[in-house]
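Heads up, the next two complexes both have chain A, just with different partners, chain B and then chain C.
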Partner chain A sequence: MLQPGSDTVSTDANRKERSSWSAPFRAHAETALQWLMLASLGVFILWPIAAVLKVGLFVDGRPTLELIRSALVDSRGLLGNSVFVGVTATALTLFIAVNVALWATRSGSRLSKPLFGLLLLTMISPPFVTSLSYVMLFGRRGLITYKLLGLTLNPYGWHGVVLMQGIGFTSLAAILLIGVLRGMDGRLEEASRDLGASPTSTIGRVTMPLLIPGLAAVSLITFVESLADFGTPIIIGGRFTVLATQAYLNFIGISNLPVAAAMGILLLVPSLIAFLLYRHFMGRLTFYTKGTGSAGEPMALPRWLLILTGTVTFMFAAFVTLQYLTILFGAFATTWGVDFTPTLKHIQGLPSTAFASISRSIRFALFTAIVGSMLGMIVAYLLERRRFWGRSGLDFIATLPFMIPGPFLGIGYALAFRDAPLALTGTLAIVLLNMIYRQLPVGTKAGAAVLSQADPEVEDAARDLGAAEHQVVKDVVFPQLRPAFLVGFVNTFTASMVTIGAIIFLISPGTKVATIELFGAVRGGHIGVAAVLANIIMLVTLAVNLFFSWLMLRRDATKEGVLSVPATRAIDQVIQRSDGGR
Partner chain B sequence: MKRVSLLLSLMLAFSLVLGGCATSEPELAPEPAPTEDTTDEEVLEVDPELVGTTVNVFAAYGGKEEIFDQFEEDTGIRIEFLDMSSGEVLARMQAEAGSPIGDIWFGGGVDSFIAADNEGLLERYVSPFAVNVPEEYKDADGAWTGISLVVVSVVFNTDVAEEKGAAIPETWEDLTKPEYAGELLMPDPSISGTAYTTLSGLLQTFGEDEGWELFSRLDANMPFYAQRGGEPPTAANMGEIMAGIAPGIATGADEGYPVVTVFPKDGTPWWPAPVAIMEGASNLEGAKVFVDWCLTKHGQEVLATHDPRPPVRDDVPMPQVLIDTGFPEADLMTIDFYEIGRIRDDVIDKWQKDFAAKK
Partner chain C sequence: MFLQLERLTKSYSGRTVVDEVTLDIEPGELVCLLGPSGCGKTTTLRMIGGFVTPDSGRVLIEDSDMTRVPANLRPTSTVFQSYALFPHMSAVRNVAYGLRMQRIARKDADSRAREMLTMVGLQSRADASVETLSGGEQQRLALARSLIVNPKVLLLDEPLSNLDAKLRQRMRREIRMLQSRLGITTVHVTHDQEEALGIADRVVVMNEGRIEQIGSPRDVYERPATRFVAGFIGRGSFLANRGSKESFVRPEDVLIRASGDGLRGTISHIQFSGPVVTYFVDTPAGTLQADIPLKSDNGFEVGSSVTCKIGNEATFVL
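Take a look at the complex of A and B:
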């Protein structure tokens, strides 16, 4: 069906024209959808943020920086501590992750596969688990430091926080970098070698520069996660405190809302700066991955690098394996540190409420994953395929929850939805809405990555062949988005299963989830029960992850279509999630 | 009308003994009550319409799962609960000002309850069973009612002590000795009701100047202030620290941890753990039944069974484990809870300036 005024060459101009002429009704529906999305993001992301800003920046209705100033002065260098930990933990994560990623993709070792499995497993990290295992292993009475080595070390302080955060964030970072390395055009390295460069200088002058966008993305994610993390410093920080802990404690303990809000705002500043820097520089960098199949075998590593990456990878793998085994055995040890006799008493002793909470966790996470991923796909579609007023605004708002510390958004929801017109306090809705909008960037990013790599001319071709717009969306866009939906689904599910930072401010007795149950066990010092709960959360999440990965892989194997190739490639790059439990 | 006469005699007894004073030393009943009392069964009547309804509870109490199960069995009213320390509950109520977050607030620091009541966040309800509760354990207007006593103790790890050659301390004064340097852990008093009651209790017991002076010497032995109320006893259990200030006794001993309970002889801080109905409770009648149930003799026995604390009623026996740890001999501080609530901001300010800032 040819449109009036259109010719056979598809240009932006006539596409626009066509859409507005042929289907005024559809155009209205689409405009309505755009406004609906903008409005919903405004209400559930911007409004809660505004609510915190209002409490932190206004006193008696007048704007003032007094609270910010007093938070800065009274907080005794907390901002500095936060940034210090953020930077050092990020550096540590980058160092380990680059080594692991290089080794996993370039060593040719058979162990690469189990290593990848380990990384996927350790990406599932219920809150407090790493800190708990740290104390169990390296505390003053730790299994390794005290029982095996006879040392009495003081593990509390910034070094413990940096170490545990750095290692904790590595799994996700390494998976992202592995994705970038796999997607890299191998011919560039080949060309470098053919022109006479040594492997070492090829790595240094070709591979690493190509990795820079990936490193930048990983740094941003790690830095923001570290800033937002209060679980680690609160358990193993000792006298060392950071802004996230103090904001949390000001809200929780002293119930000083204005100061908590002011500290939250302070916490937002470094996150925002990092984010804007990233956007600024990433605009000029490109992932050199588009449109090329990986040509030939990846270049082998020079010997010294193979040894270095191998050593770092082995040490990292051993460390995290030990951590997770500790949690596993902790669930079956009678009393950790005193009596290691195997027992089932922690499992049998789980209160019935714990099972209700676990079941709630699963249901909430499934709901969040389905609705959140669908929303994410719609936002991604609007961002990638439509030009409209407010598009960049939509993009920015949809990315915001990524860099907002969990507690900030939790407090924001508590403040924003306590009164009419949207009084949601104590309801199931407030918890689910918070989870959905907090994880929205996961689905959006996955969808956007797929759509940005898919050629819009395929859609144009369908239009030119006479497909109506709803058919284009249904038969061309949706099938392309399916893998992105699965990625969004799995990662949103995982993040929702381990989340606690935001919803701890919102849950009511009827909406208690497993992480809250876990927090209670950790707080009460019931290590065995905490370990049981952590294991259950991990097992459930792992099962869902495996099932959907299998679904995804199976589909790719059977249907190696034109569209699914860039899609799967993109998946490697977009396995990212927001800061889940931290 | 045996019951009425019992109530009357109890009321009379309390008014004679306590004289309506809010600052007196708590009367404790280390011995099981006389047998003629236990034959009397109080009747808790539950409106059939309430059966099957749900009461939402914010709880900071040991063994709460079992306690709530028993309540459901007794009354047919269901309980959904959330484990939260009282400071957290107070913060939530303030943040959500106006919108009720639940029905019942069960256990925690009395200072938070008093603060909440001052802000009008509690529904006032004088339970008919509250007559059995001494006056210094409850609010006169029924904003909150004590259900048990929380007694602060020092959980002491004998294993670490042996390694360091330190003796079991008996008093606060003992804990200032150099052998405990870096080995005493207390939570941040701005967060923890346990720590705040301890600090302000020291000030009331020793007098302002001497109290701060003693505290400064205790502070010298603390490596840092813990950021969670439950951290010191857990750390002491695990041997991460030698002595941790805790609400209640060293329950870790049951699990095999090498810990003992110390009640400082120069003054053991305590407070009545309250139950209260939240303002705007959606199941107000169910909440009232819950408060009543906690204060019945049967309810008190259930509470004492699942969390070994001194009961508030004289006719309920003290849990045996408390007697074994030497609680009846403990020298409880005399604490005016309304007064320590009133001076809270000043004490915390001074603590923050003179101590927290220097850590």
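Take a look at the complex of A and C:
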């Protein structure tokens, strides 16, 4: 039984005592935190962007389009090439991913689960894996073209780039679309059938329109990724080059910074247009995921669609499996394409710097994952729970690294931190800072996803019961963010392990990481060594992913809800992952 | 006065959601804020709890001004509509939280939390995780968590709206009994008039941010002060009157007979609802509803001509 009145006095005393210090402390600490975050994002995201714009758009302090024009003229249609590859690769990805997603969610096949596993596995994809396997399968000494068919083809050109990008981006896209399809309210399809629509009309008139927001997100992500990808064209493009490649060559090869910056700007324009279009259309579209998913079995596909999706899915899965097997066996073949005798010579023959690079990759990725996720949680908390001046600005800046092509941000860091006051060229700090801020959206989105689902009244309840603001954060907000932190940690780690697009502009011999080592091996034609490196990167990343997935599932067995992926969450997940920076 | 609201006003982007709300509440009283959604009742409650700062006006508890005091330092406690239980804590930890915030040692807090859980009948679920509790159990847990801090004012934000009809009836009784036993001053927000009439000492009917009427449940039902209150609470018929007036008639105040003095009309529809039969009678002044107790029903049929005798009516100027 409650004792009314017995501790009213002590309660009041307590309240007065605390009120004397907690309120001003709270106000100051929070304002300081908000300004600190705004300032740090300003320095490490906005300033590098501004630096590129300054170098690319100004000559001797005067604004001019001279550099842009010369970049456009010199590059002889590079922008067109980039956009062409971006559009066609995106179309290919969309086609495969829609088929795979429909089949995975609607075929009712027992193979759906292993397929999903394969998609997850292939999302951990070090850069150059697709191009490397392409060379190994279809190159001059390719397993399929040369060994099996006896052809000696020149496989280099835009066809290969589009094909390999299209397939490479599919895993991510398909996982996103599967998330949207699973989150869809199945009763809508049931209602359509109930009103007399055939399965085909239902797919056409209900399912696909509901999938449009997902398709828009997938298109944006794939398009931006394709533009930023310089690895695939540089390896298998042959004489076909794109902006990202040329920006890299200008920067690293001939140190023509103004032209590299101008090309970076050209690269940014289509990405920004895609992003604005996406925002424009998404503003009107909503994810119709209210309701609790399907009541019964998912609707069966019409026969023709089952056959189509099944065929596409099977071909995709077979090709991807072949790709990864090629890389795996390539590490143990004496001379790929000529002599397939098993050997350990590539492992033994790894350059002495390789192990240091691998160890650096792991340490950098761990550091980035921990610091980046914590930073992301703080930004997410400020965005989701605080009203303050500059909030929408913070939101925008924190999303910027996601829509900016990796090379642009890499060039930005190189230019912004060349000279005082922050001269960081060649340091460890510039690489780590770049990785952290580039992956910041990963943690932020994970945190925001959880907080936007969590009921803010829960925090009100804590305040109501006497918790001061710092206690609310400690007792209620952070414990709820734990799964988000883990998701952010794993995804940031994965993205950091395979990142190359931005840091390639910042690496010095003392900060060389495994992906750079891999790039060197691929460019030098050391297929065996490249395969070994790719395998090591994949194994390490996979091990960390599995360990943390196990950890999360074990500790949050009852809270599966937090980790399951309804549509908008899937978008966030993909946005996190897509930042991998190939 | 124990709890006083003085001309509380709050606008959101130019729209006034609470407009000069003034209310005095006695110690130990249970007051219901009743109104349709969007009438400002929840915003009023949140201003009492300290979650919304009023644009103007004051909140006083025992004569001390609480208007600018943050929620954590106010002697109020809220049972939220969503219950807002801490999802990462067990039932007993949820209840103990408020005591822990008062720097009470964990052991002590836990044992008092268990006593409180016993009081609300949840002793066997003390160590259960919040998600495994049923809706009714979560409701009791939220109540226990609020009561343990011994608030001067208990705030209930539509606490029963997530429960099914049977359970709602029972929880309504339990809350009222607990509240009178503890003598705790309570402000209860609801859009369910039956709930408000059944539980409150006084009902405050709100509409578009303003108070329409304050009175006992009987008052607001039998003597509605405004046309809105008449129409919102219970059922009834508005009849056109002489000139610019309009009268309001409760269905139980109407007697219908085959002939005699009164308002003549034709039965257009009949609804059976158990204890009473409701006749809809089309008259020159408008459609009149008449509830006839089942025992004294004469079994009129649709189309019959009848006369209605009106026992009691309220008149409003249009």
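As a working rule, the second predicted complex is superposed on the first by the 529 of 582 C-alpha atoms of A that agree within 3 Å, B and C clash if a C-alpha of one lies under 4 Å from a C-alpha of the other, contacts with A are read in each partner's own complex, and residues count from 1 in each chain.
One rule holds in what follows: a residue touches a chain if its C-beta (ideal position, glycine included) is under 8 Å from a C-beta of that chain, and two chains touch if they have at least 3 such contacts.
Quick caveat: nothing in here was measured; it's all calculated off a predicted structure.
In the superposition on chain A, A:241 contacts chain B only, with no contact to chain C. Shared-chain residue A:251: touches chain B; no touch with chain C. Shared-chain residue A:461: touches chain C; no touch with chain B. Of the two partner chains placed around the shared chain by superposition, chain B is the only one that A:520 touches, whereas chain C remains out of contact. In the superposed model, A:479 lies in contact with chain C only, and not with chain B. By the touch criterion defined above, A:140 lies against chain B but remains apart from chain C after alignment on the C-alpha atoms of chain A. Touch criterion met: A:419 reaches chain B, while chain C stays clear of it.
Contacts of A:508 after superposition on the shared chain: chain B is touched, whereas chain C is not.
Put simply, more of the residues of chain A are touched by B, taking chain B and chain C as the two choices.
Comparing the two interfaces of chain A, the one with chain B and the one with chain C have no residue in common. Listing the residues of chain C that touch chain A in their complex gives 49-51, 69-78, 80-82, 84-88, 97-98, 101-103, 115-116, 119, 129, 131-132, 145-150, 152, 182-184.
Chain A meets chain B in the complex at residues 74, 76, 135, 139-141, 146, 152, 154, 156, 234, 237-239, 241, 245, 249, 251-255, 257, 334-339, 351-353, 411, 414-415, 418-419, 423, 425-426, 505, 507-510, 512, 516-517, 520, 523-525.
Chain A contributes residues 1-2, 4-8, 10-12, 14-15, 18-19, 23, 454-455, 457-458, 460-469, 471, 475-476, 479-480, 482, 558-559 to its touches with chain C in the complex.
Across the complex, chain B meets chain A through its residues 54, 56-58, 65, 69, 79-83, 85, 87-88, 90-92, 94-102, 160, 163, 188, 190-192, 223-225, 227-228, 230, 233-234, 237-241, 252, 255-258, 348, 352, 357, 359.
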